[in-house]
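Shared chain: subunit A. Partners: subunit B in the first complex, subunit C in the second.
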Partner chain A sequence: MNLTKTLMASTALTVAAGMAHSDGHMASEMTIVSWGGAYSASQQNAYHTPYSEMTGVKIINDESSAEAVSKLRAMNEAGNVTWDVVDVVASDALRLCDEGLAMEIDPDTQLADAPDGTKASEDFGDLLVGDCFIPQIVYSTTVGYRTDLVGDTPPTDICAIFDTDAYPGKRSLEKRPIGNMEWALLCDGVEKDAIYDALATEEGQQKALDKLATIKDDVVWWSAGADTPQLLADGEVVMGSTYNGRLFSLIVEQNQPVAMLWDAQMFDLDGWIIPTGLSPERQARALDYVMFATDTQRLADQSKYIAYGPARKSSAPLVGKHAELGIEMAEHMPTDPENAKNTFLYNYEFWADYRDDIDAKFQAWLVK
Partner chain B sequence: MSDAPTAQTASSSAAEARIADAAYTGPMLAADGTPLKKSLNRALRLQKMRALALIAPLLIFVLVTFIAPIADMLFRSVENEIVSETLPRTTTLLANWDAKGTEIPDEAVFEALYDDMFYAIEAKEHTKLGGRLNYELTGMASLFRKSGRKVEDMGEVYQDQFEGLDAFWKTGENWNSFMGSDEWLASMAGWTKADGRQPKFKLREGMADVLPATTATYLKYAAFTQNEDQKNLYTTDPWAIVYSSLHKDLTGENALADYAGPAAEQLKAGAAAATSFETVNFSEAFLDIDKKWHDLDVWTTIKAYSPKLTSGYFLNAIDMQKSVDGAEMRPENQQIYGILFYRTMKMSVIITLSCIMLGYPVAWILANLPARQANLLLILVLLPFWTSLLVRTSAWKVLLQDQGVINDTLVWLGIVATDDRLALINNQTGTIIAMTHILLPFMILPLYSVMQTIQPTYLRAAKSLGATNWTAFWRVYFPQSVPGIGAGSILVFILAIGYYITPAIVGGTEGTFISNRIAYHISSSLNWGLGAALGAILLAAVMLLYYAYDKIVGIDNVKLG
Partner chain C sequence: MVALTPISRTAPSFYVPVVAAFGAFFGVFIGTGQGSTIGGVLGGAILMGVIAFVLTKVAKNERVSRWGLTLLLAIGGFALAGLPGLFVGAFFGWFFGFLIFWLYEGRYRAKVAPYLTPGQVLWHFSFRTLCGMIFFFLIAPIIIVMPLSFNAENFFTFTPEMLRFDPAGYSLKHYRDFFTNDAWQDAVKNSLYIAPVATLLSVSFGTLAAIGLSQPHVPFRRAIMAILISPMIVPLIISAAGMYFFYSRVGLQGTYIGVVLAHAALGIPFVIITVTATLVGFDNSLTRAAANMGANPVTTFFRVQMPLILPGVISGGLFAFITSFDEVVVVLFVGSAGQKTLPWQMFTGLREQISPTILAVATILVFISICLLTVVELLRRRSERMRGMSPS
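And now, the complex of A and B:
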């Protein structure tokens, strides 16, 4: 009997403590999920710290964005969503929206207007790619190369990846079809406008894989954004694709002999979603945070700390100097006209449909 | 627990006394007069219950936190309720449709699809279903997403005509005035949100006979509005689909002739006008949304995945797929899992063998050194456990890469040419090296603890009887250390086939394991069903190997110490 009592008492205590804890959570804390590293640091500086000072809400950082989709699904199934605001790439946001795991946002009533009164829907424009997604930054997947390993004629266009005669050595590419397939077709002579039509067919997909096969033995496949900078710094590869912000820090902060090849960079978006299943108070606070963190000034502030372009048109003129290095950031933005002469925009609709199919073929091609 | 044996001893010694006294007069009795067998059983049962109660917390803990989640995850590999739950009427009608023919389903199926989709869209389930079916047929995700808003508009043809006929049909109040029971209407009259829960909708008596289809639709609408949307049903205007149901009732079978309740006049006027209303051809309407709705593939896929349980995930996991004619192999350019399963098994065996080769001498030295030195060396063996797995794997990257420490050293020594460096990473070699290192302690520890129990006197005895060093080792020492090898091998092998971080970092394309694909399907593609099927196959393979091991070597022959 004693044991039972003790067990019951301790269970009750634990439950009570748990409830007390979650009550505390309601009152003054919110959990924001992001990617970690320099990116989270830039958000901490530009958004979290000012927001906490303004409202007194304590922000807990969780670095789980890479597994956000599966974790949110698991939390939702368990009926206990512990995240308040989540930073995800646009394609993941679409998936979360489709799965009913992210709430729909009305930009004009739930996001801040631009300082001149322009509605948010117009200020973000085409970048509002889903009903649940609030864009934050534009980043790109682009290629960097070792200036000391490419001889006297540095590469000027994306097809240098496939030109192992002119640029011998290994190259690193992301271990997924998105981006690589487009580049392969472009360098196989397919018109840029016709690339997605081609990729929708079996022949087009095979053509892209055949083009990639010409360099298969020379490719190191990466799956983490930090891989290519490390491989470039160690001289393991002569060129490789990665996120432009990673290359920025490799070139400008670490002074490595690396240069950017902006040609055919693949634009993508990163931004916020608010999970469904939050209590009304938490949801209201998450909305309040998002409205604050995506206003014109805050988005411009973030670019002081990292080389990603703000998603609002009205933020562009406010982009200034790097907070520590003091260099002008505008020219390092993927959206800078000088860098954005030839670009792709991640085709969300196409890849939402073809991702499973082409990925299966791509991975099967890889293992053979 | 501690007093249980005593109780047993007491009752059995009492029983012994009875045996001496009773001398074959009927069944043996215990001291209190009950038959001995019963008494003994009772004592044993009590003892078992106490034992069970004592382990209950652990048992429940294991069941809840380990067995249940695994069972749940494995069940996902066959679970497929989403299709029939989201499209209940469509899938029922599709059962009679000939998937092998060349005709797409008829208008009745499309009308059912409109119904099902309408509710799915209100509940925001349609995109989820699209995502599920997209695993089977490319393009389903956008087909369902795109159809979302447009399906909602389809029924508006009827809504507009009813509203054009009589403004009565425009408001929720008017609809409720004849659909709702008087009692419910009275309770809603003064209701505001501040009063708490909204009174649950009650249907007017007899309405189900008067307007059968409308009633069914209206009940769904009412439940959804009150429970999911949390809106005031009384003042909310009904969904467009309610109007198409009304049109169906008014032009088809109804019991309106005898109806004299509220709105009888408007309903009869509607019935007179409805016959000349413009109608909707749902098949054409869906074709207008997207021509894919008239593709045979779309319909065969929906039909193939209608059952609540599916073998589709398992077929996919062995490079097969469902088709109209049953299961068939996938095209060559999509086959991947067979290769990966085979590779995972092969590499795990190689890793286990290299762990035995490297671990055995180390364990032997540890077991034969004086305790002080052995403990120091043991700490060195355990040291890697105190370092993060990622750090250890990344360290291998630094060592093994083309411009890495090992290659640089070899070039410096002149063993390999600088443009012909060894490929030690991003292939199977890298995976084997790194994983052997990471799993080595799991081999050394069981070997060490088994070897410690082997008496050195046996070896000395063998030698004194004339055995050579090799014979003494091979015939006397080695057989005694086999249980350690068995335990170590099982540990290493089972850990190896489930590894995915290390192969992902150093394995390149040749060194990836099946677990890498499982991780991809769980965290990236969200195809949990396929991930679960792959996991179930892996689990079955391990069990099978364990069974084979038990048959060949004997599981009693495994010792951890």
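And now, the complex of A and C:
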């Protein structure tokens, strides 16, 4: 009979534990969705921990930003939105806003003013794209190269990607047209100002793909930000594009023989949205969190942990030293004048109109 | 039998090509590593063919030849790839030395039955080689993970220090990260909380269902069985999407109970199948005898039937546990970040940040699985022995 008793007792215990465990702490918990890795760690240090200490709210990290759009659609359809605040890139925020999945935010009443009293709308300035998006950081997609594999003449401009004679070996590029098409046209001799006009035409798109075709056999295509750092550390590729914060971590924190090629870096924005369909209490708390996390000091704090530029103008002078290594962060920011001599800004309007079309062509070209 | 098998030296036209074929096979790997697969194939074939001929026809002394070959290839390996190359080269030298004389002296014929035709002998050894290779390719990816988890760098890379066996190239920091990082520890807790409860539910319901379905008088047995087994057959992503929408409407999405129920549903088919299989050998007159002596059905079940079908219940429970413990698709849909399990954490870790902590976790999980399976197997043997089912 021993077995019976043990079985019954353990069933009763586990079920009871299950009940106790699950009858929610919803009231004091919020789920914040972000990208994971070093980026989530920087948010944890700069925003989540101080916010939890201040309010007692427990923050649960969900690392699902990569599929934020599809998951929010599913949640909306199921009538069960479990996320409170979501970190997305600006283009995803625009889509979510258009579909009514993200709530509109008025920067001047729902976000903090700068310490000198400047209104948030002015402090963020042009970076406030769309009505639902609260910018957090400026990051860039740029190229890193192995210093020990490029010989005596390290690359100085973006066209080194296409120069397999001077820099033989594999290179890693993102598995999407954005960025690659612009770089291809630039290196094919198109004037920088004329690139988007050219990309709007069939011939321009074909020209970019033809240029990419010259190195197609040498390209490793990546889809996660962690891929290129791994490939560079392995020496599998001689150069590759990825987010500048990942390269910073690779070079400065991991001491790998890699250097940055800031030329023609592609700026993009990342920030918060608040999903629609939250209960009034949860929405109020999400707004409270966002107001806290995007104030001038908090944005500057984040740059102690990762090399992404704060989105507020008023945060720039407050950017200090790396929290652990004690090096000046300003010179590692993509927005530093020394690094930002030749840049692109992700063209939201252009890609909103042409993305589906060019994406289809790019994917078809990839499998050819 | 051994004495009856005639052993004689074979002709070079036989063993030289065979050795060359092996040389070509290993040459693929070395050649690919050095940048030219075809060069590796040709180089390996020619080199090994020539060596086989020289050792047997010119050197002749087996012991000296084999030691010489081991030394030669070890030096060659060292020249190509340093210290690890030395070991790999020495291994190849030992292997080819063995292979050449094994074929040349006709020793391969000694252990097989004398009446086999050459074709049957060939099949005998190719079958073994094939099995060995399948085993190797199944195990190799798991083995390779283990040394990498002791990497001192934060990448999936065999660093030069590691390859030199320099202690500085190794570190336990990824294990430390696993045991101190909150994200990983929460995931472990969630997994250890969800999997046992889900297993318990699967085992209870699965065993009852199996017993019910094994009664001959139950109507629509096959149809009910098919429905209960369906979570195993329907693609997981479809079950997961269905559960997501259903659980959302009834308020179970994003709760522990939701994840436990979902995992229980996935585990039940395994329990049903294993228990049904054990019930085939169960003699129903035992339950009738128990009833005849005044035991009620519950007592009969726990005191007569359960002990006899326990091995099936335990292995079903083990499968149910592993299903829940390894599952990532359903939990991504049905759970929310609060119920993040170990596989979920590994999945996001692999996608967002390629950190060897995942390898450390994988290594730990492999050892836990080995221990778990060993314990279950020992228990099973013990219970068989106690019931006198096996002679040992």
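Keep this in mind: the second predicted complex is superposed on the first by the 342 of 368 C-alpha atoms of A that agree within 3 Å, B and C clash if a C-alpha of one lies under 4 Å from a C-alpha of the other, contacts with A are read in each partner's own complex, and residues count from 1 in each chain.
Quick note on the criterion: a contact is a pair of C-beta atoms (placed from the backbone, for glycine too) under 8 Å apart; a residue touches a chain by one contact, two chains touch by 3 or more.
The shown structure was predicted, so the numbers you read here are calculated from the model rather than taken from an experiment.
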{"item": "Partner chain in contact with A:63 - subunit B first, subunit C second, else both or neither", "value": "second"}
{"item": "Touching partner for A:220 - first (subunit B), second (subunit C), both, neither", "value": "first"}
{"item": "First, second, both or neither for A:234, with subunit B first and subunit C second", "value": "both"}
{"item": "First (subunit B), second (subunit C), both or neither touched by A:98", "value": "first"}
{"item": "Touching partner for A:354 - first (subunit B), second (subunit C), both, neither", "value": "first"}
{"item": "Touched partner set for A:79, first subunit B, second subunit C, both or neither", "value": "second"}
{"item": "Which superposed partner A:366 touches (first subunit B, second subunit C, both, neither)", "value": "first"}
{"item": "Subunit B versus subunit C as contact partner of A:259, first or second or both or neither", "value": "neither"}
{"item": "First, second, both or neither for A:340, with subunit B first and subunit C second", "value": "neither"}
{"item": "Where subunit A meets both subunit C and subunit B, residue numbers", "value": "66, 234"}
{"item": "Residues on subunit A engaged by subunit B in the complex (per definition of touch)", "value": "7, 66-67, 69-70, 73, 95, 97-100, 170, 175, 206, 220-221, 223, 234-236, 349, 352-357, 359-361, 363-368"}
{"item": "Of all residues in subunit B, those that touch subunit A in their complex", "value": "57, 124-125, 127-128, 130-131, 134-135, 138-142, 145, 333-336, 339-340, 343, 401-404, 426, 504, 508-510, 512, 517, 522-527"}
{"item": "Residue numbers on subunit A that touch subunit C, as the complex places them", "value": "1, 3-4, 10-11, 14-15, 17-18, 21-22, 24, 29, 31, 33, 35-38, 60-64, 66, 74-75, 77-80, 82, 224-227, 229-230, 233-234, 254"}
{"item": "Touching residues on subunit C, where the partner in the complex is subunit A", "value": "153-157, 183, 193, 196-197, 200, 204, 244-245, 248-249, 251, 253-257, 260, 302-303, 306-307, 336-338, 340, 348-349, 351-354"}
